[in-house]
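Got some structures for you, see below.
In the two complexes below, chain A is the common chain; its partner is chain B in one and chain C in the other.
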Partner chain A sequence: MLRYIVTRFALWVPSVLLVMLGVYALAFFGAGDPIKLIFLRAPGDVAYDPVRIEAIRESAGLTKPFIEQFTNYVVHLLSGNFGNSLSSGRSVWAMVSAAAPVSFSLGLCAIVLTAVVAIPLGLIAGLNQNTRLDYTILGSALFLWAIPPYVAGPLLMVGLLLLLPGMSVPYGWGGIFDVRIVLPLIVLSFQPIALIVRQTRAAVIEVLSEDFVRTARAKGVPETLVALKHILRPVLTPVVTQLGLIMITIVNGAIFVELVFGLPGLGRLTVKALTDSDYPVILAITLIGSFLVMLSNLLVDVLYPLLDPRAADSMKGR
Partner chain B sequence: MSNTKSDVLSRRSALKLGLGTAVGLTVFGLSARIVMAADGQVLKVAHPAFSQDWSPLRGGGSPYRWNSAWWASPMRFDAEGNIHPYVFASWEPNGDSTVWTFKIDPAAKFSDGSAITAADVKGSWELAAMPATTSQRVAQVLAGVVGYADVTGGSATALSGVATPDDATVVVTLGAPDPIFFMRLANHIAPITKVSQSRGADGNENAGWYMPQNGVIVSGPFKPTSIDLDAGKLVFEPNENFFVAKPKLARIEITSIEDNVTATQLIKSGEFNAHTELVTSTMVQDLGPEFGDGPQIPTSQHFWFNAARAPMDDPKVRQALIMAVDRDGLIKASYPDGPHKKTDQVINSVPGAENSGFEPFPFDPAAAKTALAESTYGGPERLPKLLFVGVSGPAIEAAAQYIAEQWRQNLGITAVDMKPQQDQYAGPDQNAVQIFRDDVGTRVPDAASYLLGSIASTSGNAQGKMGGYKNDAVDAKLAEASTKAAADPARVTLAQEVQKLFRDDWMFIPWYAQTMSRWATAEVKGIDKNLDWQVVAPWDISIG
Partner chain C sequence: MSSAPLLAVADDPPVSLWRDAWGRLIRNRLAVAGLVMVLVLAFAAAFGPMLTPYDFLSQNLDARNAGPSLVHLFGTDDLGRDVFSRVLYGTRTAFVVAIVVTALAVTIGVTLGATAGFFGGLFDRIIMWFTDMTMSVPNLLLVVVINASLKAPLSQWMETQYLATLNPFFRETIWIDFLLVFGSMALIAWPPYARLVRAQVLSIRSRPYITAARALGLTNRIILTRYVVPNAIGPLIVSVSAGLGTAMVLESAFSFLGVGVNPPTPSWGNMISDGLRVWQHYPHLLAVPAIVLGLATVAFSFLGDGLNDALNPRGSK
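Presenting the complex of A and B:
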């Protein structure tokens, strides 16, 4: 297992370098120069003085060739220096290390909520296929799926405030035990719940026709035990994979939810960095994102043998 | 059991005890009331950006709007545009307005109790001019000062045109006469900082010098006690050594809330009582007229034509596009309840703007149609697609869409596109964009300065957004106007003539004159702002 993990990590390094080169090139050639943006986005009374702007770019090291800038960045990165933000001058590490725990906590809570709500619902729907209960669960899941977070967030907030005028606006971050997390968590979990309900239901229906389920029922095993022991376990394997992918999406992409509810996470930081064309911050977030993808896939792979012994055999090459 | 005399509470003792309790409770109650009152004096501001840089030296951006809360400026304008002494108690030009002598108020001091010196003023200006400081507007203040180009170009760190003969005197030498130079200093673009703290040995800004954990020393009425950039939250408390007046507020809390819907809800619910800059079409309906109230400032929003791009290179097309738009409808579509007011001309809220003699562009669909037919394009069919940029935010979108609809109805033009970004379009490398939405204005109540910054061929607006617009007569008259004294009527007359000349070039669709809104609920008093977009007297802000 350790060898497997080390191999995965070794494979991750070149791929992340490639991703960073791509992102750096996109930011460098496509998104616009961060210093020019400061002046171009300012109101009309701010003069666009090319001579001055060049002097500023030079002082920020932005006049060097692309390859030299990227190489410098990677060399600094290898020594643990993420550099400073081009738009604010702040240490990128300080910015990212403050934002990442918020996103991780949020993502983890959303995954737990999703798993707790969606897996039982999917199981119930699958066990009651083509009944009114199944249609209700599936219909609700489709309804949730159709509401994007940037609609659900403001709607829920305004709706809730209209219903409960005395209630304070759920804005800001106070940790996972703060009541303000409830609404963003619900909004964040809408689409994952829908996805997992559908996936669990489909997997349950598939497993229901398996021989071992039929055998268990023929042996007179109680239906609850059949569902929990014989059906749920194989169903969980693809569901866990999906949950891992959802976790990545939430941590990296909870942009609208973080903006609407004022959560100081990576999504909010990403928007700011992209708007300002702030390469060092964009790259640091990319690095964290790709590390997360790697970590999440690794975790899922490690979990597989626990859920399905056949996976352990295949990992050992048997 | 018997009660001895000492055991029993006598009437006198009971009275004493009662009186003592009453006095105690009263004193406690009064002090409790004072504490409660102080606690109530909190300005809670929703800030529309997740600002990661609150350095007061940037000369722009959302944080700039709060510069006056913690920094003092040389002079200051009130809401009516009258200038007042602040750090500088007096100012005196020489005969031709090329050398200015400023005297620092002997009472002026920093929050640590030390005096504000001429060296602090000079050093702060130099720091603002350094290229690495990336100040957006420092040129508006210091461009005329001898040595400015060297500092801002990176070849010097000291302004050779600024001398400090003693701790209380600053002498500024300009490269050319500027009768209104004193007005150019009356803003927070280059605020006065404690240079030993803000500036490093290399002449550049020290990183994070303005953070409370670094013991920032301020010159304004409030000092930051907490700045959490990661959470987007700042807290300011009164500067006990502020030299003008004792601030009335107990605290200012600024919280980043990027989403306008959320911010509006928070203000409606009473959790916040002010906003840095709330721009929505429904602000007045949502939060009441007091929220948007404020003086008109010399800033205006227009849609500028790039005459270097087809079809705007044909004056007849420009004429047709302007005359086809009902501008009364334009303001109703974008700001139906205010706070901004429709305008017909470039300049606003400066001496000479009223009764300027500027003839408003007519709304005449028939004449517009004729003009388009007479153009080299002959009609709407052969026109290239018209592209707007700077269409960001609901009110601007409403205005741009209204214009496009007017063109469709009155001229039959259907190929119109809109984009929010100004970045890749507004610079000298602009591509196919013909129409830029942007504001123009000035930080001094002066019509000539207004036009120099917006339609003179040297202005960024003329060079970029109008595609290198140059009218020699406009330039000549503006050059002449800028040599006249502030009080000379010829300065205003020349500016008015310039506007008329500019009108005949059909270069813009006038939109609105800006109101500098309070962006505060009715309970917030004394939060009037000025043409520098700053609270005039932050020490006078109170709640209720």
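Presenting the complex of A and C:
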């Protein structure tokens, strides 16, 4: 078991490095000259003085070969140094660490909400396959899946505006215990909920045809107990493996939700950096996003044998 | 299962795989609804601009932000442009992007997946490692990165080409938009196809009917065309159908963020993002493109589910 975890981790580190290399290479070869970009915004016409530009580039280490620069970037990352923003000159680390708590707490709440709402709904739908209840749940899930967060958010705000006086329509950020988190949280959870409902339902239907379910029923085990003990456990395994996909949906959704509801998180920072072509910021956020997704994939890999003893057995055999 | 239906099946004349699948598909009401909606949208994309008296660009400043009426079915936007015409033209944009992106992604994915599955070994592991890694970068962020890094060099290249050749083709910035949108979306969309095709190739290669065909002395060509391809293509069709819907949503998401197809070319995404600025006053400008986009996604996902049931009868319940 320990060996398995160590191997997984050993494979994981180069993957993270390779993603960093790819993203960094795009920036390096595509984004244009960072020095020029900085001084185009600065007063004076340094940007058009090739001699001074060359001197600054030399002193900033930008004439070194690509691999050396990349290594430097990674080494700096390890000490939390993401470089400086091109548009504001502030440290990217400071910008990101100011925005990250907002996105992380929102995302974490969305994951919890998704699990609490979607797994029971999917279980109910699967157990009542092809009944009206099943169709209602499945249909709603399809419906939620089809509405992108940048449509759902504004439409819900319009709806609330009709119910509430204008000033109390939730907008902005006040922490996770503030009432204003409710709407963004719901909108952000829509697509993950739809995903997990469908996943859970399909898994339940799969498990229902297993011999151990028939045996349990034949033994006279009460139906509730069959659902909770014999069905839910094997259903959870494939659902948990979707964690990486949910992370992607949430990271993507957060960009829109934060924009629509005016939350000062990483998503809004991304959009701002995009309009400013503030490359160091985009690079940092992309790396953080990929890191989170890869971390959850690693977590799934490590948790999998704990959830499914059959998988653990086959791993011992290896 | 009683023996009577078994005998009846045996007495039936042989039915081809495709007719069989078609029969199952049209018995599925949701799938038919999806298919009809997709066909209507495809018709709108092909002939839509001919169906309205208005050009999607022509402005009528006397009739700005008008609500839906008989003159303008879906009303007009802030420049007095007919929203119905713009939605129709946006359908064309959505279809062009969806079809080109899916075709590119399928080509990349099928090539990589099939070769990985076929050759196996180290080559397979490297390709799959690469695939997994591409999938682990949140796709919107990846597109943002690609856009931020490639837009400037691409525009610069077009500009130098124009100065060198004076060919007006290189002046059209719309090609840059389309190239960037197609390219970056295809680069994030191929991994699922690669995984799917690889898994298919691996599983079909070891099926008993392939062994049986080999034992019967059939040639590789017949085995490939009669057994491998028909069995591998079903899941691919299903995922292409779903992929078309996803590509449409992605396109609108990018246009919404300002990294997609740029105005004045109408796209559902930039219509939604324009509508977002004025939704308190003119909700129809947000609602119309949003509802059309939602309908398109639902249609493709119904059709995809129906195709899945029709083409993989054993997998569905």
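The definition used in the following text is that the second predicted complex is superposed on the first by the 225 of 318 C-alpha atoms of A that agree within 3 Å, B and C clash if a C-alpha of one lies under 4 Å from a C-alpha of the other, contacts with A are read in each partner's own complex, and residues count from 1 in each chain.
Assume a contact is a pair of C-beta atoms (placed from the backbone, for glycine too) under 8 Å apart; a residue touches a chain by one contact, two chains touch by 3 or more.
Not measured: the values here are computed from a predicted model.
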Point to revise | Touched partner set for A:Arg8, first chain B, second chain C, both or neither | key: neither
Practice item. Check whether A:Ala146 is in contact with chain B, with chain C, with both or with neither, and answer first, second, both or neither. Key: second
Check your understanding: Now for A:Ile285: first (chain B), second (chain C), both, or neither, which partner does it touch?
Key -> second
Point to revise | Which of chain B and chain C A:Val158 touches, first, second, both or neither | key: both
Exercise for review: Would you check which partner chain A:Arg217 touches, where first means chain B only, second means chain C only, and both and neither mean what they say?
Suggested key: neither
Review point. Is A:Val260 in contact with chain B, with chain C, with both, or with neither (first, second, both, neither)?
Key: both
Study note, to complete from the structure: Interface residues of chain A shared by chain B and chain C, listed 32, 154, 157-158, 161, 260, 271
Point to revise | List of chain A residues in touch with chain C within their complex | key: 15, 18-19, 22-23, 26-27, 29-32, 129, 142-143, 145-148, 150-151, 154-155, 157-158, 161, 205, 209, 244, 247-248, 251-252, 255-256, 260, 270-271, 274-275, 277, 279, 282-283, 285-286, 289-290, 293-294, 297
Point to revise | Parts of chain A lying in touch with chain B, wherever the complex brings them together | key: 32, 35-52, 55-56, 58-60, 85, 87-90, 94-95, 98-99, 154, 157-158, 161, 168-169, 171-173, 259-262, 264, 268-269, 271-272
Review point. In the complex of these two chains, what residues of chain B are touching chain A?
Key: 50, 52-53, 60-61, 131-132, 134, 136-137, 139-140, 152-154, 207-208, 229-232, 255-259, 261-262, 265-266, 269, 271, 299, 422-424, 426-428, 438-443, 453-454, 459-461, 463-465
Study note, to complete from the structure: Note: in the complex, chain C contacts chain A through residues 129, 132-133, 136-142, 144-150, 152-153, 249, 252-253, 256-259, 272-273, 276, 279-280, 283, 286-287, 290, 293-294, 297-298, 301-302, 317
